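I have placed the structure first, in the form of C-alpha cells, so that the comments after it can refer back to it.
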C-alpha cells in the first residue's frame, strides 16, 4: 500500500516536505499547451465538501518536461495528463515515455472528453501504443456503470485505475444566489464523495484485475482502511491536504492502529476484505497482477 | 411552485397527513410485476447522507391500479413507474392513461436500464405514444452530461424533468468491513447530494425549456430557494421526510422568509434567479411552457 | 397523528453499560408498552428508534445501549439539551393476556419496565452477557436473572403468555418454544412511520415493514 | 516548514463589529506583518486565512469580521477551545521603507497593528463604513480615521511609502495613485500553501497564486 496525493491537490515545488511524506507525488494534470485555467472564484466550500473549477491550470507539457520535472528529482513522480482528443493523450504519453517518471495517469474526466467507455478505451489504447510506462486510467464515478468503463480501460491495456475524480456540483452565493464559482459548476470533492468512491472501487475490483488507487474524501486512517477493504491497493489524499498538510503522517499512524484492531498483519492484507467469501478469485487475480507488473518496475504488489 | 415528496420517500397510506401537507403525492416506483425488493439490510446512514437499496418494492401495476389508487382519492397523485425494457414503460404508461392520476414520472434511473441518452429518448417516446398524461422524466445525475440526457427526453416528448435520483454509494460495517447493505452498494441521498442536484438542475435549465422538479438533499427553505434559483419550478422532499414528517410546513414557512429577505414577490419569481442576465431567454421560455401545458390540466406555471 | 416536537433532557444516568435518558414528558403520549419513538440523535442525519422504558407523570425515559454513532450521541446528551421526538409509533404489546411472563435479553429489556408496570409487575426472566449488563435488571420488578452461558429459554416457566424483547436469536428460540408469544423485533429504521421501506423483515414469508406491522409481532407470524 | 499544531484560545473580545481572537502563542512564529495563518474553523471543512494582528510574548491575536460560516465559527470560539493553526504563510510587507504610511480600510486594518509595532508606529490613515466599525482604529497608533463617504485616498498625505490593506477597490485606487505602494490582497483560499491553485489573481497579466506570490504585492505588479 502506497500513499499518494491526488492530482491537483499538492504542488511539490511549494511544499516539498509534504511530497516527501508521501510514497508517490502525482502532478497536477498537464495538458499539451499551457493553460491559465479558469477565472477566479475557483473554489467554494459546500456542506460536506468543496467545489473546484481550477480549469487544469498548468505550464503545458513542454515547459513541464523542460523545467518542472528536473525540480522534482528525488521524488517518485506520476504525471497526470489530460487532453481534448485521443491524439492529445497519445502525444502526451509519447512525450513522457523517455522521461524519468514512474507512471502516467490518464485524466479521463476532463470536461471536454466524453466519459463513455468507447472513448476511454480509445484513449488508453492510443497511449498504450506509444509508451512502456505504467498507465493508470483515472475515471469519473459519474457514469451509469463505472465497472464497464474500467473493463474498457483494462481491455485497452491500462496497468491500473485511479478512482475517483470529482463529480459535478454547484454552489450559490448566500446573498446574490448566483453561482459562487466564476465558471458556474465545479467538481465536488471531500467527505461527500467518500461513499461514491467506495462504491466505485468496490465495483471495479469485482470487474477487473487491475490495481486500484482509491481516493475521494479520505481524511483518516479508517477511511484508508475502508478503501483498501473495498479493493484499492493504494490510496491518494486530496482535499484533506488543504486543511492538514501533515495528514500523510497522521493518517499512516491511524491506519496502523486500525489494521491492528482488525487483525491485519499489514495494509496489503486488508485489500479486498469487503469482498472476502463472495469474491474468491481476488487473491488469484492479485497474484496475476503482481507478475504482470513486475517487469514494469512498478511495485504493485500492494 | 409546488412542494412534492420524492418518489419512495413517503407512503400516503401510512402517513396521509404528511401527503396532505404537500401539493402533490408521488408514489413509490411501480413496476409491471409485484416486487418484494431487496433483502434487508436496506438502509444505512453515512457521513453527509444515507444509502438505500430498497429494490423497488411495490405491489405491481395491476394491484396498484386496482387497490392502492382508490385509497389515494383526494390527493393529487403522480405515479412513478419503472421497468426493465422500453416495452415495460410503454405498458405502464398505457395502463395509467385512463386512471385518475395527474402525471406519470418515468424513473429512468433503474439499476437495469442504461442511462444513455438514446435509451432515455426511446423510453420517453414509447410512453409518449400511448398516453396523454404529463410525462416527467426522472434522471440520474451520474452521467457525463445530464443536459444531453435532458435534451433527449425533451425531444422525445417529455413534459418535464425530475432531477435528481440518487447516485451509487457504499458503506462498510464498522467492525466487519463488509458492506452494510445486503445488496452491497446503494443510492446516496440527503445533504451530500445537494450540490450535485443544484448542478444538474442548473445545467438542464440552460439546455431545455421543460419545467423541472428539483430534489436532492433539501432540508430547509433556503435549500428550496437555491433549487428554484438554479432553475427548478417545483421542489420535492425526500430524505428529510424520514427525520421530520412535519418538514413540508416548516420548509414552506422558511421559504416565505427567504423569499421576503431576497425581495421576491413569490416563489415563482425566484425561478432561474441564478441565471439572470446570462440566460435572457428564460422568461420567454417560461411563458411558452405555461401555454404548452395549459391544455393538459397540469398547473406548471410554477 | 405524527407529532414531533422538541423536548428537554431532564437527566441521564448510567445503568451498567447502558444510559437511562430522561426526557420532560410535556404532552407526549407514552403509548402502549412495546411502541417506540424516533429520537433525534445530535449530529446525525436520521433519528434512532427507541422503545419507551419508563413513564412517569413528568418524564419519559429511554434505556440506550451505545453501540454506534447515533446511540453514542444520545448517551452523551446532558441536562437541558433538547431533542426532537416523534411518536409513539408502531404496534405495542397486547395487554389482554392472562398469565403474563416478561422475557428480555440484553438491551432488549428496554421496554419491559413500562410493560411490567402496565401489567402489575408480572414475573420476568432476563438474560445478560455479564453481571455488569445485568445491573439493568433492577429496572424490572419480580425478575429472575440468568447470565451467559445460561439462556432465558432454559429457565422460562411453562404455561405463560410470553411477552419478549431481545436479540433475534433469542426471539427465534422463544418462537420455537411458544407459538403464542408476543415478540418485539428490531430492524434498522430510517423513518419509523412507513415511508422508507427500509425496515422490512420476513413476516408470513413476505417482506413487510416492521415499523408498520410491528415491532411487536405474534410468534406464529 | 509547514507547521500545523493545535493552540488554545486565551480570550476573545468585541472590537466594534469585529472579534479579536487571542491564541496562546506557544512556539508559533509570528512571521512578518502581512503574512497570514490558516485557522481551523470549527465545523468547517477548510481552514480560513487570517492576517496576524497582534503578537505579544505569550499571545497571537487575529481580528476577524464575521461575514460567513467560517468567520462566524471563529468568532464564536471561547476561552480554552483549541484550534489547529498553520503558518506563517506567504510574503509579508517589506519593512525596509523610509517614510512608511499605513493605509487600511474596514477589516483590512487587521495586519496593521502588528505592522505598526514593527515599524515603530508610523502615521496611518484608516477608512471605515461607520463609527462602529471605526472602533477598531484604537488598535493602530497614530491613526487618522475617515468615515464614508470620505475615502482614504482623499486624505492620504503624499511622499510616503504606502503599505496598505483593504477592500479591492481601495487597493486599486491606491495603486493608481502610488505605484510604489505595497498592497495586501485577498482571495478565497483552500490551502494557503500553493497546493490547490484556488487563490489565483491576475499579476503582471498572468493568473498567479496569491498565497505563494503574495498576499503582499507591489502596486506596480
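Annotations for the structure displayed:
Order of writing sets the chain letters: A, B, C and D. Residues in each chain are counted from 1.
Following the convention adopted for this analysis, a residue touches a chain if its C-beta (ideal position, glycine included) is under 8 Å from a C-beta of that chain, and two chains touch if they have at least 3 such contacts.
Being a predicted model, the structure only gives us computed values, none of them experimental.
Using CA-based centroids throughout, the chain positioned farthest away from chain C is D.
Distance from the chain B centre to the chain D centre is 47 Å, each centre being the mean of its Cα atoms. Mean C-alpha positions place chain A and chain B at a centre distance of 32 Å. Our note on geometry: chain C versus chain D, Cα centroid distance of 57 Å, whole angstroms. Put simply, the C-alpha centre of chain B and that of chain C have 36 angstrom between them.
Looking at chain B, residues 48-49, 191 sit in touch with two or more other chains.
Multi-chain contact residues of chain C, defined as those touching 2 or more other chains: none present.
If each chain is drawn as a node and touching chains are joined, the picture is a simple open line. Checking each pair of chains for touch leaves A-B, A-D, B-C. By the touch criterion stated above, chain D contacts chain A in their complex at residues 1-2, 4, 38, 40, 44-47, 68-70, 84, 86, 187-191, 193-201, 206-207, 209, 212. Chain B meets chain C in the complex at residues 8-11, 13-15, 17-18, 28, 36-37, 39-45, 48-50, 52, 54, 57, 174, 190-191, 239, 241-246.
Only residues 46-49, 51, 114-116, 140-145, 167-172, 177-179, 184-185, 188, 191-192, 194-196, 198-200, 202-203, 217, 225-226, 229-230, 262, 270, 273-274, 276 of chain B touch chain A when the two sit together in their complex.
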